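To keep things clear, I will list the structure first and then write my remarks on it.
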Amino acid sequence: MLKFGTGGWRAIIGDEFIRTNIIKVAQSLAVLMKREKVDHHGIVIGYDKRFLSDKASRWIAEVFAGNGVAVNFIEKVSPTPLIMYTVKSFACDYGLAVTASHNPADYNGIKIFTKGGKDADLMVTAKLESIIEELHEEDILTMPFEEGIKRGIIRTVSPFNDYVDTIISMIDVEKIRNRELKVLVDPMYGVSKAALQTVLITVRCEVDVINDRHDTRFGGRMPSPTKETLGKLRDMVREGNYDIGIGTDGDADRLGIIDEEGTYVTSNDIMSLLYYYLLKYKGWRGPVVRNISTTHLLDKIAEDFGQRCYEVPVGFKHISSKMTETGAIIGGESSGGLTIKGHIKGKDGIFAAALLVEMISVTGKRIHEMLTHLQEKYGSFYMHEENLALTAEKELELKERLFEKKELPEEFYPVEKVSYEDGMKIYYKNGGWIVARFSGTEKLLRVFVEMPTRREAKKLAENFLEHYGIYN
Amino acid sequence: MLKFGTGGWRAIIGDEFIRTNIIKVAQSLAVLMKREKVDHHGIVIGYDKRFLSDKASRWIAEVFAGNGVAVNFIEKVSPTPLIMYTVKSFACDYGLAVTASHNPADYNGIKIFTKGGKDADLMVTAKLESIIEELHEEDILTMPFEEGIKRGIIRTVSPFNDYVDTIISMIDVEKIRNRELKVLVDPMYGVSKAALQTVLITVRCEVDVINDRHDTRFGGRMPSPTKETLGKLRDMVREGNYDIGIGTDGDADRLGIIDEEGTYVTSNDIMSLLYYYLLKYKGWRGPVVRNISTTHLLDKIAEDFGQRCYEVPVGFKHISSKMTETGAIIGGESSGGLTIKGHIKGKDGIFAAALLVEMISVTGKRIHEMLTHLQEKYGSFYMHEENLALTAEKELELKERLFEKKELPEEFYPVEKVSYEDGMKIYYKNGGWIVARFSGTEKLLRVFVEMPTRREAKKLAENFLEHYGIYN
Amino acid sequence: MLKFGTGGWRAIIGDEFIRTNIIKVAQSLAVLMKREKVDHHGIVIGYDKRFLSDKASRWIAEVFAGNGVAVNFIEKVSPTPLIMYTVKSFACDYGLAVTASHNPADYNGIKIFTKGGKDADLMVTAKLESIIEELHEEDILTMPFEEGIKRGIIRTVSPFNDYVDTIISMIDVEKIRNRELKVLVDPMYGVSKAALQTVLITVRCEVDVINDRHDTRFGGRMPSPTKETLGKLRDMVREGNYDIGIGTDGDADRLGIIDEEGTYVTSNDIMSLLYYYLLKYKGWRGPVVRNISTTHLLDKIAEDFGQRCYEVPVGFKHISSKMTETGAIIGGESSGGLTIKGHIKGKDGIFAAALLVEMISVTGKRIHEMLTHLQEKYGSFYMHEENLALTAEKELELKERLFEKKELPEEFYPVEKVSYEDGMKIYYKNGGWIVARFSGTEKLLRVFVEMPTRREAKKLAENFLEHYGIYN
Amino acid sequence: MLKFGTGGWRAIIGDEFIRTNIIKVAQSLAVLMKREKVDHHGIVIGYDKRFLSDKASRWIAEVFAGNGVAVNFIEKVSPTPLIMYTVKSFACDYGLAVTASHNPADYNGIKIFTKGGKDADLMVTAKLESIIEELHEEDILTMPFEEGIKRGIIRTVSPFNDYVDTIISMIDVEKIRNRELKVLVDPMYGVSKAALQTVLITVRCEVDVINDRHDTRFGGRMPSPTKETLGKLRDMVREGNYDIGIGTDGDADRLGIIDEEGTYVTSNDIMSLLYYYLLKYKGWRGPVVRNISTTHLLDKIAEDFGQRCYEVPVGFKHISSKMTETGAIIGGESSGGLTIKGHIKGKDGIFAAALLVEMISVTGKRIHEMLTHLQEKYGSFYMHEENLALTAEKELELKERLFEKKELPEEFYPVEKVSYEDGMKIYYKNGGWIVARFSGTEKLLRVFVEMPTRREAKKLAENFLEHYGIYN
């Protein structure tokens, strides 16, 4: 009944996200750790600013303490990457965060992390689900939090300074120090402020912060940094002459950027900028990993520097694995998360932001200029996206036509190849492509198109939908 | 297991305030209404701004609809007195509000109302508790909200204008209109703003509002209008030269007042002012009802105008009943709630506030002046209060000494009489008194003392605690 | 040296807007009033929320008191239309407001009003300028404010309730009361809040207010309600599901509207909506007056109802005069001010807003729908505007080519007629037109084009600029 | 006519603080610099966030440029100590700040600095006054700002990083880093935020900031950190469990502190804490300098460590001079300013705050504990202050009685000695004292009393006022 998605377990507070379920999830992980004989290494527990996150993290700690598993309890609200970093730096086998990431405010959830600060993969969550199924209420062991503290089985830890030091050590402080950059930060009422501000102020940026009070309603918006939700950041960057605006999602693993002109920068562009920057200005060498619905501009950049771009299915775990396998220096997705070699194996919006600020300082070019430069050099790439809710009937029909009959839409562009590794992806000879895949977590068909211009991308998407009889 | 207190059912969100319990409460009331054959009169459902209140009120409506009980669903967040007023004006037998009143932000709850807009009494809640005990999950009938709307069994209602009109009709608009009063309102992130502002602006006060954004954390404070929580209101009234500052609790049934000097006015003083005002300036005649731990200044005022003051045990239901019985014109408690004859039978912070504004306008005296006047006329009354957490052992000991052995503390003041109707109350010959009672809802001993001066009151309380070996 | 523009005298605070100049302006008006023998009728003085407005208004009152002219001093910060209304209702011959309207925050100024609440015309301001030129410092008579109060020559007045009552009396309260409209008000840190909120709440709208604290920097923006400055209002109207967003300029004589979709509504559209509404729904009959650079949609509407549209040069005084002359029911300008017959003779953003709210209530259509309706009925009108700073040389050249040689640009559209009454206006046969005129107050050439589509309007403007060798 | 006080020239904006006067002050300093042949060293110009400060600083730069004096123009709003620091670090002979320090919002002014970052003394300002008296309008030379920039005679400078580095270099970073202190900063809408936040975040405090938007009204309060104006800081420190609350005045040369209990700490206590800390924990040795109306607790501390406390008349210049003369390690006044050896010679609220944070970290004791410790060790010192506005007549009478007749009040305490160096100061044998002096800048008699208890201090002040027939 209790199901984990790609980002962990998520549910509506008061409905399914309730104490009885929360402690079940905790107990299942304690059981798994015992089975794997890693329970004596202890666990890391952290939480974000959502409603019930603080209470829930304590309920969870009480279960681990009850099971005799040592708890490293991060006392302050923390970004998910900081919690993942702690799993890595404490050399724990498991960790977890109470967070529902960028979900709406009435949700909360639990993200599970494994060795090295990595999102738990399907194998792990499947095991947890099956343990939960067999759990009886009386199997759940708990010890009151205060008693756990007294006995020392729960200890509060403060990894903040370490995490921040690590990020600072990875960027070029001297180059940034004298640029007097003006940065506007929008934590979207989430948890990035303390870490991001500390990093940026230490390197002497002038930092202002908006949307930072503790608001469990996230100001009435989704805590997801999109073009729509970052309106205030956009206006203020323009009016206040900031060099960059940085928005982070609810748990700070993803980011959205507003450039110095007040324009929203897509995740595709952020990744491309960073990969280009690492290669060209920092002299790094190595491949890049992207999922199937992320821009092919990355392929062009890789090629230009004699590197390779690897394509993997959707899901950050695929990115992480392929990076380890290939020694890639950067990996990410068009949905907004990315990671850099040498840091944690998960997404980190704070580190990515710091790197962008370094890029502006080192290159002496602001983001808009850099993007224009990339466009001039590698041509223009425009991505269009459609998310379509389908009836169960239509879904069945489409799956048959797309994946069994392998029916293709009629197209104007010569096709280079078609792949069915994750949904259907058609590669066109002009470098453009279209992806159609069914979402794992929501009942949606997602269609992504990349073409040299906005018009072509939209036109191709429309043709596709029309061909299969899908209407918005 | 599920227990109702004096203010309804309250529990921690995600712990006990969860969907499975919420719909049980709803089902139990539906069952009761069917037993009493009043289900065909329908029910009124309203909710406040707390976390989960909107969702919970819909879950509840789904149960009543599933049981075939017509639902009058108040679509906007509403003050409790407005919901009670709607129960009265719609002539329903029952109504309910999703609210935890002035409890901390992690609580939510359900208040049940009966005919005429009255808090459900013990008889009703005892019946509900026993129905709940026998309920099986499969007994709970629900119908999706949207379907309920479509079928017409759920209809959304807008009693706002009626409620506001009623309050305006009960105050002297012309007298207030030309006084250009400056009023500062502090809804404490709760629900009073719309109604209070509409009433006050209609009578042409200049109104400013603080602490009004939708914040389910209530700005980190208890949404209870006390001297401690109204600090900002106090500062701003003083700095902004307001004539009065009005704070209301989370669901606006109670109020706290800051006078024009920036001083917090106690509930005892508010009640005394209003009773005096009704008698002296509006020419009303009739008794007053107060509980045992409310100021005896009311008795003095009553006496001066040839009226009587009735004393009842703690609990607003006792106030309401005695008022009906005696035709009292005002009734209230030192804990902050009061009601006036002719309006709903429950507490209404909005109406009380409007009446105070009328008082300032009609008398031409501001609150501080009026209080000084009362003091000069009837002498000085100072109340001191102690709330003491006890061990179970100490509680037993005290109950024995106080109520069985009827041991009295040694006192300096000649005793007039001792009463054990609700806890122990000693009446002194000088007009002072002391009350010691065990709280029904919390594990506390409450001690109230009233004496002519602060020093005497504190001294008496200290002696009492020392005598019985109680230490803070 | 001291020069009045169309909106009165304006200057930079601390530079030219300084006490010595301010009291000169006051003295000159006192002299004029004496010459005209109207000094015994007294004067009305009001002020807005700008830096120095309160002090300056007192310095001015001290001059009138020193000259023996009775001062009606409006004690609270006030909208300009309220001050004009007071000049009318007190039957004074003159009044003035300390305000720089929608100018940047470092400006302040003085607006002079004449009988009936009208902006002083050129004749009056020319007289004042010439009196000022001959004034010696020792001619300026003053009396300390407090002494003026004591002697009764300065009295504080409170016309707020009267003004608000008048507006309420002119709108259909009953129709609005039950529509439960949600209105978001943006005073742009100016003076509209109290009046606008009182009107709207009295008619039972649900009102929220943004940008209202006392901020003499106007939040860093121009207090002028344009598409650019109302970004926050736009976002919040969309996110909060408001029926209308109302922005008013610094002194509340002009307004900007955001419709229920979050789209900025131009002043041309506002005027057209109101004229259509008055004719069609309120059954009024009468002409409309607009200036040369205001939409001809008004002409179409007038024609449809058998009425006339009068065209006048730029400047609100021309609107007022022509309205009096023709009995027009509405008059206004594309720059954002309008007035309705029967009210004051100047612009009133508060009354216009109230009328729009009435329109929504009475028609049951929201603004976007109404505009679509007008477009379907009368065709589409799109206005494009360019403001160009010129060198003195270029200005001379252009004036010669435009007004002396009467050179026309080459055009694609057949020309109907050309007028030189105020700048140059070319009327095309398709109903479109272009106006080129030099601003009186700023060193700018203003070009306005109206055509059926955006593309045509922009194209025509571009051609015009190219033809005359003007570059942005 | 134009008069300098102890804090420079101050006047009401629009009244006397106007361009014509501002450029006179600038011209007079240019003349002085030429006379002293230091004009070729250039000048430093900075400004704060007050209304007109930015414009005025440009007007001033235009005068120096017009006079051929090189201008180092600090482009961003800056704390006064940062500007003084720049005068020192650039080795300029003169510098100035456009600021009115902690004066009300309708004031602005100019502070003049001399070599080494020192407040100009009386000799300098007297010279300026006499030059101004003889200035003719035509003597004032100006060059447009943009031209000055183009010609290089005006250059913009950024001393921010240097200033911040210097402060950081003077505190013990490692000791603070791991204490995870929570600090709440209240810049009072002034200029301390950037510097204070950068220092504190660099040493890894958790910093929150209130009252920071650009508000030229200072939120309606005096930007002076007193018990009355820091109400919000006090409340929030208590509610948010901060370790310390730091308020700085309008130009950040003075500070006010709220301790971890939410109690306001007087300037006397701040100085005593810091002196004790430097001696006891940092092992510094050297005297302390205080003015006559600053606590004698400093004398006790000095004595305990074998050091001396020097007493000087009121005025920070006396503090600075005596410190240079005696090699004192700290100097300050009960009115809120202090400086430490080795830093600039003027007051610096930012550095003082950083040092207090270091003190908490190094000692492991929070402020309240430290104060209790001092009290236990050196006894209790309570200061009471009265500021009395007098008629000219009464002032004359008092001056005669106090300074000519040398009349003493009747006292209960045995007198040790009486001094007339600056006003009258009576030293009592019990260590207490009373000072009566007439303010130089305002028409006030100031009476300061220090005694072991509050009651004694107030009583003594009352007796004094009564004796001389002075009434509040």
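The chains carry the letters A, B, C and D, assigned in the order they are written, with residues numbered from 1 in each.
We adopt the following convention: a residue touches a chain if its C-beta (ideal position, glycine included) is under 8 Å from a C-beta of that chain, and two chains touch if they have at least 3 such contacts.
This structure is a prediction, so every number in the text was calculated from the model and none was measured.
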Query = Looking at A-D, C-D or B-D, which pair matches B-C on over half of its contact pairs by residue number?
reply = A-D
Message = Taking the mean of the CA coordinates per chain, how far is chain A from chain B in Å?
response = 47
Request  = Could you give the separation in Å between the centres of chain A and chain C, each centre being the mean of its C-alpha atoms?
outcome  = 50
Ask   = Can you list the residues of chain A that touch 2 or more other chains?
value = 220
Task = If every chain is a node and every touching pair an edge, decide which shape results: line, ring, star, complete or other.
result = complete
Query = Across the complex, what residues on chain C touch chain B?
reply = 158, 160-161, 164, 177-178, 180, 194, 197-198, 201-202, 204, 206
Task = Would you mind writing out the residues of chain A in touch with chain B in their complex?
result = 12-15, 17-19, 22, 51-52, 55-56, 106, 214-217, 220
Task = Sort out for me which residues of chain B touch chain D in the complex.
result = 220-221, 231-232, 235, 239-240
